[in-house]
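Look at the two complexes coming up: subunit A is in both, with subunit B in one and subunit C in the other.
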Partner chain A sequence: MLKLFEHETLDVHNLGDEETAIGVKDLSLQFGQKPVLQNISLRIPKHRITALIGQSGCGKSTLISSFNRMNDLVPDCQYTGGIFINGRNINDKREDVSQLRTQVGIVFQRPNPFPMSIYDNVSYGLRLKGIKVRRYLDDAVEQALKEAALWDEVKDRLFDSARILSGGQQQRLVIARALALKPDILLLDEPTSALDPLTTLFIEELMAGLKKRCTIVIVTHNMQQAARVSDYTAFLHQGQLVEYADSDTLFTMPEFKQTEDYITGRYG
Partner chain B sequence: MINIKFHRLLSPSQRQSFVMSITAFFSAILLLALGSMLSLICYRGLAYFWPSPIYTVSYYDAKLEQASVVYGQIFNEYEEHGEYIRWFLYSSVNHPTGNQMLLEQSNTLSVVESANSANITLKDGRTVMGVPAKLNNDGRLDYSPQRYLDMANRVAEIQTDIDNIQVQHLSQIHQQLAQLDTQDVADDAPARHKLNNGFSLWQQKIESLERQRNSYVLDVAMADGQTVAIPLADIESVFVPGQLNLLGRWQVFLRNIGQFLVQAPKQANTAGGVFPALFGTVLMVLVMTLIVAPFGVMAAVYLSEYAPDNFLTSAIRISVSNMASVPSIVYGVFGLGFFVYTLGGNIDSLLFSDTLPAPTMGTPGLFWAALTMAMLTLPVVIVATEEGLRRVPQGLRASSYALGATKAETVLRIVLPMASPGIMTGIILAIARAAGEVAPLMLVGAVKFAPNLPVDGDFPYFHLDRQFMHLGVLIYDGAFHSQTDAKGASMMFATCLLLLLVVVTLNILAVILRARLRNRYLVN
Partner chain C sequence: MPRQLALNTHISGKFNIELENLRNSVLTMGGEVELQLVETLKAIRLNHAGLAEKVILNDLKVNAMEMQIDEECLRIIAKRHPTASDLRLVMTVSKAITDIERMGDEIERIARLVTKNKLPASEMIKSSMLQIGENVVEMMRGTFDALARQDEGAALEVYEQDNVIDADYKKLLTFTAQEMQKNTDDMQDWLEVLWALRSLERIGDRCKNICEYVVYLSRGKDIRHSPLENMQTKLDQLI
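This part shows the complex of A and B:
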């Protein structure tokens, strides 16, 4: 019975273009003189949850941020290589970054709602796109909040400040804010590390539900979480991709010693 | 050699409490200084409005070598060289509208509070102290407040008639005559004769009305029994301080405050009200705020959000901070030299060349004053705004970018609203500084007396090129009067109190606004 809910396992090393959401090819990145990522190549499958694990400072947050060019905000950031989303190399200088970021949403570690009402928070991205029709916004806000499993808790106070929400609610609000733009890919950068275990579980369930809608890439420090929620896992060490496989394999029979040491807690 | 070892005298805990006592002592001194300044200004300022008693003063007049008696008010009393001296403002037959004298105790025969003497305020701001005896209009009637009010009303009616004739008829004839002048009509043309006849007819009517008006006279008895006749048309108010109960005193007090706020200054800024100065101060501060807020905020946004982090930016930032400590008179000289003479002069030669050499914009005025004050307060706004911008968390900016916002959209929608408490802080500081500044204003537009307000009913309604009156300048003026004129000094304190109130009110408004913004945009 359980098998019904699980996907067939794909071979991530020989992924076809049709099944690839993000294709990273020879990506190297450095902040000033400090190399952060070295020759990363991997293909992230569509409609799956892929986890990035590794020590602090190994470059996993930087990698996830390069999927929607958030690293551009860091001064002195230089990169080479390609990242292909929908057949386009987003590292191209001509790429419309605003447009890209509406397709590839990102949620950060700390929940950071804007100092506005819940409604304005969720509709922020849509308004930026120039959508002003009230009914459309209303529907989009409701749908995004439902997808983020927050609707029932806030439907009576949509116009109250988002600051009054709890930490877990705020994080779901931030997810709803990203979902309102109907992204193809959702990047989660340690989304639960500031939350309590119960709320964490709640957000993990949310991710499993969202898988049908979009591709999810999650950075986490929590091995159990990576094993629980992700279909595929990539292990990074000092800016290099060490091992990338489906989660069951990686967590039970890691190919490399480094991976085994990390997931068994020998360092990290 | 005396070598006291303090650490042996005091135990460690004693030494700590010693430090506390010293610091507390200095804080207490500070509080005391602040409190005494405020209470002095409040006391002297409010005392200006409180009806002071009128005394019957008998004294030996050393000049006339005889005893004299006058009605007078004590302005000040003090001891000098062992002698007790009173500073009197008094009315006599020779000086009905007030004079002042210093009276030594040795020459004073008696000082008794007068029950009947009235404080008669004239429309030009001067005061007569005496007993209202008779009301005179084709026959003499004994004074009573009711009769006085009836007669005053009649005088007011006549005055309205005179004003109506002047506005409706005389000014029309003037205009028609001026038209004839521009059309080069001969001096003896019949049209001129007709107008001139009409003019003299109305003139005669006015003269007869004026005679009628001036026939209403109040006879005031001085302390020595002689009377002085005062035309009713000149009198503004009559009240007898000796007969006022507490409620009456409060009424006079409040009426005085009201008149102080709405009337124009009289008698070279030693009497009357300060309305033009209050108006000028508030308007100047408002115009300055409208100039400095956008300039300062935009400069700060560029410096903090867009400017590259290099030597030039740091140099600009340091210069801006240092601009705040440039003495204000330097700004005044700059305003006069650059705004008034250079900028205004060039505008004149470009746009108003037909009225030259009389300057239109090339003369000190309210707009140049506001611009100069904006220069002066710009660093405050820039520094406070930058501080506010820096406090906006990077995470929020990143979140905005992550939703597809451009830099400009992020600045406008997220960063600026969140920095608004900081911006308000800057504007508050700017307002407080600008409202209290005097020296630069005297160079670029504030004057002791301006005949017109900078806003009136004539097109284009806002005359920002006009010179204006300012509370600070009025205080400065009053401080110089205070050496010669007792009443000028009292008015200085009252004006001081008002200036304090204006600054405090503007500050409180801005603080409330800032608190509301902060409440709205506070990040947890």
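This part shows the complex of A and C:
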């Protein structure tokens, strides 16, 4: 049959291990007595952008933070079930968390550059890993800044404080800092909610380019952003995964009424 | 399962009103065109040129409605970024108004039979034409009713009515062709009659298109270009 438009869709419910970047199996998580995630199972495909959407408090930020064990920092956090990355269950207590966080980078809502130069910000993680060779660091900083589409804007002032950059530049700097460690997975927790619409589009364009080199998971409250940038979307409600599908289907013909009510702005 | 659209349950009350107005406007436009055909049939029955002239003039109103509704669809897409059933409603309206506007053009062509005094001399042809016309009015009514209620079952029933119209049209076409051969002097007049008959048949096809959009609106499934028996099977598989 003549195909005018190509829209790739993977069957995310039957994804093979080779195609899976993050495999979540029966994940339940609670903070103290408060259950936050209940029996979540999903497979996030490699080299795609997957969006997590849902109302505030539905558990999407908690879920994304689970992917690099950021929830370990929350007192009284308990979890059961597994999260598999490259065949290893990262919830295993023996897992090397600092190694995991190198492999799975995270960027938050508010840009949080360290109070140091642009160069030192980007090379920080590498230095922490013990890399001191200047030429190696120079190359890594340049490459990360190029990948984050920031190089041309800062190449002549690499040793100026990162604080003088604009909000959008700071967010790209933080992305460059994560990219310098060559992560397999990049987690973005509402990365553009503090940015203006144009800067937001630049970051989205950056994400589209980055998925060639890593898997991206984004939490967003902006429905249009999820529809624009993501290949797959998971809708969470009160700690449960309601629907997970390719974004084309989810935003045109969702299977469940709860999803429909949420994305069309109806009271459920 | 098909899901009834609840247009008034959005958190944004203004969006509720916009979608409700959009749906009402396409139904108003449909009602207007249906009335145009009723008036045209009356004009044919009474050979009333004034009434037919009024129908022709009124088509301008239908054209203007199409443009306004189209503009409103664009505005809603640009400003509201509708998704899921809301998006399907906007797309359905946008496509349905094109069909309704074309129905108006077909009706205008039929009405010109009266203003140009080209009504068929044969009472048999005239009454058969009126009978087809009545069936088409019935089909239009059913179509807009199915659209108003987003009732895919009703839409499929109306869809089948087109078979009757097509069969009657073919019979009348054969009969008219025979009459033409008997009387070849007024070939131009005969052609006008044939075009008018064709227009009636085309209105039935336009109704079918809208019935297909109703299924799309209700189910999100595109059933265009499928034979009727396949459509029901396709829908049954979805339940």
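What we mean here is this: the second predicted complex is superposed on the first by the 259 of 268 C-alpha atoms of A that agree within 3 Å, B and C clash if a C-alpha of one lies under 4 Å from a C-alpha of the other, contacts with A are read in each partner's own complex, and residues count from 1 in each chain.
Just so we're on the same page, a contact is a pair of C-beta atoms (placed from the backbone, for glycine too) under 8 Å apart; a residue touches a chain by one contact, two chains touch by 3 or more.
Please read these numbers as outputs of a predicted model, since none were measured by experiment.
A.B. asks: Please tell me, clash or fit, for subunit B and subunit C sharing subunit A in the overlay.
C.D. replies: Subunit B/subunit C on subunit A - fit side by side.
A.B. asks: Once the shared chain is lined up, is A:178 touching subunit B (first), subunit C (second), both, or neither of them?
C.D. replies: In the superposition, A:178 contacts subunit B only.
A.B. asks: Which of the two partners, first being subunit B and second being subunit C, lies in contact with A:193: first, second, both, or neither?
C.D. replies: neither
A.B. asks: Of the partners subunit B and subunit C, which touch A:30 in the superposed model: first, second, both, neither?
C.D. replies: A:30 contacts neither subunit B nor subunit C.
A.B. asks: Quick one: classify A:263 as touching subunit B (first), subunit C (second), both or neither.
C.D. replies: Only subunit C; A:263 stays clear of subunit B.
A.B. asks: Looking at A:125 after the superposition, I want to know if it touches subunit B, subunit C, both of them or none. Which is it: first, second, both, neither?
C.D. replies: first
A.B. asks: Is A:254 in contact with subunit B, with subunit C, with both, or with neither (first, second, both, neither)?
C.D. replies: Second partner only, subunit C.
A.B. asks: Should A:223 be classified as contacting the first partner (subunit B), the second (subunit C), both, or neither?
C.D. replies: second
A.B. asks: Decide which partner touches more residues of subunit A, taking subunit B and subunit C as the two options.
C.D. replies: Comparing touch counts on subunit A for subunit B and subunit C gives B.
A.B. asks: Consider the C-alpha centres of subunit B and subunit C from the C-alpha centre of subunit A, and write down the angle between them to the nearest 10 degrees.
C.D. replies: It works out to roughly 140 degrees.
A.B. asks: Taking the superposed arrangement, what is the smallest distance in Å from a C-alpha atom of subunit B to one of subunit C?
C.D. replies: 33 Å.
A.B. asks: Going by the contact definition given at the top, which residues of subunit A touch subunit B in one complex and subunit C in the other?
C.D. replies: none
A.B. asks: Spell out the part of subunit A that touches subunit B in their complex, as residue ranges.
C.D. replies: Residues of subunit A touching subunit B: 68, 70, 73, 75, 98-99, 101-102, 105-106, 108, 110, 112, 114-115, 124-125, 128-129, 161, 163, 174, 177-178, 181.
A.B. asks: So in the complex, which bits of subunit C are touching subunit A?
C.D. replies: 3, 6, 9-12, 15, 81-88, 220
A.B. asks: Of all residues in subunit A, which touch subunit C in the complex?
C.D. replies: Residues 223-224, 227, 251-254, 257, 260-261, 263-267 of subunit A touch subunit C in their complex.
A.B. asks: Please output the residues of subunit B touching subunit A within their complex, sorted ascending.
C.D. replies: Residues 309, 393, 395-406, 409, 413-414, 417-418, 520-524.
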